[in-house]
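Multiple structures are listed underneath, in structure tokens.
Below, chain A partners chain B and then partners chain C, in two separate complexes.
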Partner chain A sequence: MAVIDSPAIPRKPAQVNRQARTAWGLAGPALALMFLILLVPVLVAGVLSFSNYSLGNSGFDWVGVQNYERLFTRSTYEKMFIATFTYVVTAVPISVGLGLGAALLVHSLGRIGDIYKTVYFLPVMATLLAMAIAWEFMLHPTIGMVNRTLEMACGTWFEVIPFLANGCADGFPLWLGDRDYAIWVVCFIGIWQGFGFNMVLYLAGLTSVHRELYHAAEMDGAKSAWERFRLVTWPALGPTTVFVVTISCIRAFQVFDTIEAFWPQGGGPNKSAYVMMFAIFEKGIQQNLIGIGSAITMLFLLFVMFLTLIQRWLVERKVHY
Partner chain B sequence: MTRDWWKHLVLILGAIIVLAPFYMMVSYSFKSPGEIDRGIGGFFGRQEMMIDPRCVALRQPGRADIEAARTRFPGQDDAGVQAALLAETEADCSMRPAVFNYSKAFTEAPLIRYLLNGVIVTVSIFLIQIVVALPAAYALAKLKFWGREAVFGLVLFCLLIPVHAIALPLYIMLAKLGLTNTYAALVVPWTISVFGIFLMRQFFMTVPDDLIDAARMDGMSEFAIVWRVMLPTAIPALLAFAIFSIVAHWNDYFWPRIVVTGNRDLFTPPLGLREFKGDGDGSFFGPMMATATVIVTPLIVAFLLAQRRFIEGITLSGMK
Partner chain C sequence: MAGLSITSVKKRFGETEVLKGVTLEIEDAEFVSLVGPSGCGKSTLLRIIAGLEDPTSGDIAIGNETVTGVRAADRNLSMVFQSYALYPHLTVAENIAVPLRMRSLSTSQRLPVIGPFLPGAQNKRADIASAVQHAAEMLEISALLDRKPGQLSGGQRQRVALGRALVREPAAFLLDEPLSNLDAKLRVQTRAEIAQLHRRLNATFIYVTHDQVEAMTMSDRIAVMMDGEILQCDAPSVIYEDPSDIRVAEFIGSPKMNILPVEVRDGALSLFGQSMGRAAEGAQSDVFQLGLRPEALRLAESNPVLTGSVTHVENLGAEVFAQVDLADQTTRVTCRAAPTERHKVRLGASVGLSFDLRDALIFDADGKRQRRFEASLSQPVEAA
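So, the complex of A and B:
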């Protein structure tokens, strides 16, 4: 303890050098893995997307943009884009909206509200594949709980609802087997699983809204609950909303488990739930069409990066609507 | 309270929908096939003794069995002995539906092995993530070196790449190395957690420099500082990250589905359940739901015991 090395005094070059060397030593493994596991694969996918490579074949040809051309011309991929965007555009706004609604209600109830918080968070913790199988049973056309419950309403005054009346007369939907319902069921399960996560993020956001703001708004004449929400809560939750929407979008793009569990082959009736992740899995892994799989991968990465960049841009502008 | 009744009404309706599949999963795991088919028996089912048809079919008394058992049933003809043997088998093969479902879950497939694989994979992923990320985070937060900004920029860029999205090229690389169908394939892609580096770096920024300088004066190497000074201060953040990581990888289905093909010894719990579903016929709804319950339970119980920590951990990504 003889020499006191205060941080204020500039260090000698030798010491700086040594620190730089240790620093690189400490960060080295992480850097190497970052390159090998994250950056190299992106390059590999980028390169292979211009080829007709498949595993096990000795050679391959460069095919130019043919893979990308197929993505935008074949009807299979048209269905893929429709399914993916239907899912994202449906599941994201609803799960964010429900998350916000649940958070507002739970927050306003104080401590009793914590019970609901626990319950709504359960699907986030549960293995999605297991819950998808549970839902599949629930939606079973004849012995499932959903159609059984709907049947109970037959013959009561509930039958004024056209959907129920039709169901009672002609039988209730097949749900997963019906191409008009399949993607919506997948959306529903996505929302069911994800909105609790959004709720918890919004609850964290709500605790940071200052009480004085509400008093101030009230003095300014914001009497109704809606006015207070519009003038205080919503703007204060701006950053949370940006984050919640982005993360929900990224998760929505990655939907896979439910679809593989329901339809191991083909992505739903008439490919109505043929989302991008499933397409990568089916084309790239199962059918060994690496070129086209890589092209979908690149497009997928493009979407996700674009979304995240928008988010970062909004955060840097310190969004308050 | 009375003014809030409509809020409770809405939230309770929501809770019913949220809980319905859990209710059904646990309830079916107790019921007999007949009760599941007819939708009767309430939550627990009636738990009447049931006969396992497969067990009876396997132990169908043959000619030799009848000869051997003749001494035990004196004065009966072949048909009589056979009937008596059959009755014995049925008695041996009958059990309560709940016992039937759960014992089938563990005997029809090596569920213990799957659970063990799940633990091995999630724990090794977490440990390697920490071993890799912690020193890097320390270097980025507390050491001055040329290129630090570039390295941090790279970390921020890599945050944009979800590992699931690059599953195909990763799979090709692993296949080229001959690593598919190994534990390594299940673990390797997750060993680098850029999010972990980012998170720990943000945390280490808040640790006072004096603490590190004091350790340096005591003659500790930088490497020792990481593990003996920084690690203990970071326990709360690490715990949150642990929950985040373990929940994600215990529940992950996509990646194991890709790299493990057919080798049952490497199945993680979701893969095991998927296989169960694949070859299940109608009478196996009960055991399948028992498997699902067994797989889902550990995390749910842990969550209920330490809710605040879990919510912190899972929403960690919200702290960016």
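So, the complex of A and C:
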């Protein structure tokens, strides 16, 4: 606070104290709120993750690192990690790539681009829970639109595709009921729902690319679109990409709505879509095992913190020139 | 290195005709400036020469080879942009190397990790590095090669942009107002350096500027453009001393040329009712415009042609420019005085001005120079 004043003017200690008090007074409400609604719950969760507390119990016992030990030993949680990382590793690159591709295509169009922008952004605006229910109907094994469309290909030359040939012979996949497909369906819906958001972020990034740089690239002999992309567009989109990837990762770790809508009782066939958020919900809320729920939450927080730190590092070191 | 020829190039943007049939021949190793006020089409013409813009009609040829329709990357021209357009993620050395990398390395040889190990890549990369080093030494930026453009000052960036243009040997250099983002002192310095560079490389330069001083000091020839046309293209001294259009005369020269209305009646030339001289017999009676450079007007204590009072004085040290409101007239003229005459042009002082009619340029009412009429003026000042 005192920095604003000229340092040349000597001030009395009383004045300095008064300024400091004002400063604390003004920052106080924000600090208090941050403590109350962010830091205290995190601390409480951290403490509870070392206990066997359940809501409604009058007391609890300290169990040490038992909750964490379970996380890394039990097969349920192994499935949880597999499902979560499968989702993150699939949904993030594809939704970022599609977002970038769509943004480049939309950017190259004139007015028609606005139509595509709206079309791709619609799923972002829709409620994911409602969309999940719609997808559930579409993916129904017998009356769903997806399988009935696939059946139309039976008996045509499309059957050269092994997937369709097998489907026509032995029946098409159960999708949501098949443990080999369940997590991929969730990935697909996550990508379908999320890439429009990335596209909008990339479109914003594209408007800041200096047009004269493309002319310079052309004069320097960059003839193909790929060369111009490598030389001008991609480096200019660096800060956007870091932001988009971080946001997409955090969103991917948070996936919950679709799982809850498809399989309210337990995270997919054979727990193949048992993602972290759903595990927190199931353990902490449905089964009232606050201790283990808190432990998963702390791990979740760790991943998100880690991602944020990487983003900070990249933004400061690599992508700002 | 090659000459360029531009043949009746027209360009329209929708309804607006930006270039109205521009024709210009540029010799090999010539330095030609395109100069004109904002919006005269000079940058558009440069971009058409570069191939970044297509002409609506007309042809561009580089060294006798028509390049109309050939894309910019294939025209073998180098360009320095007003904003420098350096790649912000690349170091100075990498920026300068880009034109060579794009042209001499194949797509696979440019790949980040395996590229350098592909056959032939090693030698090419070494050649590029030495060319970059050479260009950097020429521009005295060797110490900056590892920095990124964001860490450079405006003048340094400008040098890097020049380095990127001259690292390979293009048919011609195109410069689009390269000095306009520099401060005044640096501009004067860089101006001289670019002129030296031109002499050293002995290459064709086409230089776009709105600053007539840049055009005057650097060029072999100046093409003065206005409203999408080249009004005159000549050596700087000709443009200054012998302009063929009143717009050229007014645009070139600072302070601006004084324009006074003159009348010819029965062969007699008169300025504000005073007889100035006689034209040859048969000169038609008409109203003309008399152009006088500030240095053509001199302070006269006896027999002044014009009188007036000083309303503004600009003392530049080596010379003094005084603006004089002419008595009984609405016209204001600028005259140049030597520093020794400074006491005569104090603010508010009454001064007398005279001039030699041989220093005056005469234009008709449409602004076209009347050289024959000037030659026919038989008598120098006989009046007053």
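Criterion: the second predicted complex is superposed on the first by the 289 of 321 C-alpha atoms of A that agree within 3 Å, B and C clash if a C-alpha of one lies under 4 Å from a C-alpha of the other, contacts with A are read in each partner's own complex, and residues count from 1 in each chain.
Rule of thumb we're sticking to: a residue touches a chain if its C-beta (ideal position, glycine included) is under 8 Å from a C-beta of that chain, and two chains touch if they have at least 3 such contacts.
This is a predicted model, so every value here is computed, not measured.
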Checklist entry - Which term applies to chain B and chain C once both are placed on chain A by superposition, clash or fit? => result fit
Checklist entry - Just chain B (first), just chain C (second), both, or neither: which does A:P235 touch? => result second
Checklist entry - Under the superposition described above, what is the C-alpha centre angle at chain A formed with chain B and chain C, rounded in steps of 10 degrees? => result 100
Checklist entry - Just chain B (first), just chain C (second), both, or neither: which does A:E218 touch? => result second
Checklist entry - Between chain B (first) and chain C (second), which does A:D257 come into contact with in this model arrangement: first, second, both, or neither? => result first
Checklist entry - Which of the two partners, first being chain B and second being chain C, lies in contact with A:T22: first, second, both, or neither? => result first
Checklist entry - More chain A residues touched by chain B or by chain C? => result B
Checklist entry - Touch check for A:S108: first (chain B), second (chain C), both, or neither? => result first
Next on the checklist: By the touch definition at the top of the document, which applies to A:L302: first (chain B), second (chain C), both, or neither?
Outcome noted: neither
Checklist entry - Regarding the shared-chain residue A:I161, is it in contact with chain B (first), chain C (second), both, or neither? => result neither
Next on the checklist: So in the superposed three-chain picture, is A:M152 touching just chain B, just chain C, both, or none of them (first/second/both/neither)?
Outcome noted: neither
Next on the checklist: On the combined arrangement from the superposition, state the nearest Cα-Cα distance between chain B and chain C in Å.
Outcome noted: 17
Item to check | In the complex, chain A residues that touch chain C | outcome: 210, 212-213, 215-223, 227, 231-232, 235-236, 238, 321
Checklist entry - Residues of chain B touching chain A in their complex? => result 4, 7-8, 10-11, 14-15, 17-22, 24-25, 28, 36-37, 39, 132-133, 135-136, 138-140, 143-148, 151, 154-155, 158-173, 175, 188-189, 191-192, 194, 197, 209, 213, 216-217, 221-223, 226, 247, 250-251, 253-254, 257-258, 269-270, 273-274, 277-278, 285, 288-289, 292, 295-296, 299-300, 303-304, 307, 310-311, 314-315, 317-318, 320
Next on the checklist: Per the contact definition, I'd like the list of chain C residues that touch chain A in the complex.
Outcome noted: 47, 50-52, 71-74, 77-79, 81-83, 85-90, 98-99, 102-103, 107, 148-150, 164
Next on the checklist: Can you tell me which positions in chain A touch chain B when the two form their complex?
Outcome noted: 1, 4-5, 7, 16, 19-20, 22-24, 26-27, 29-31, 33-34, 37-42, 44-45, 48, 55, 98, 102, 105-106, 108-109, 113, 116-131, 133-135, 137-138, 143, 145, 148, 192, 196-197, 200-201, 204, 240, 243, 247, 250, 254, 256-257, 260-261, 264, 277, 280-281, 284-285, 290, 293-294, 297, 300-301, 304-305, 308-309
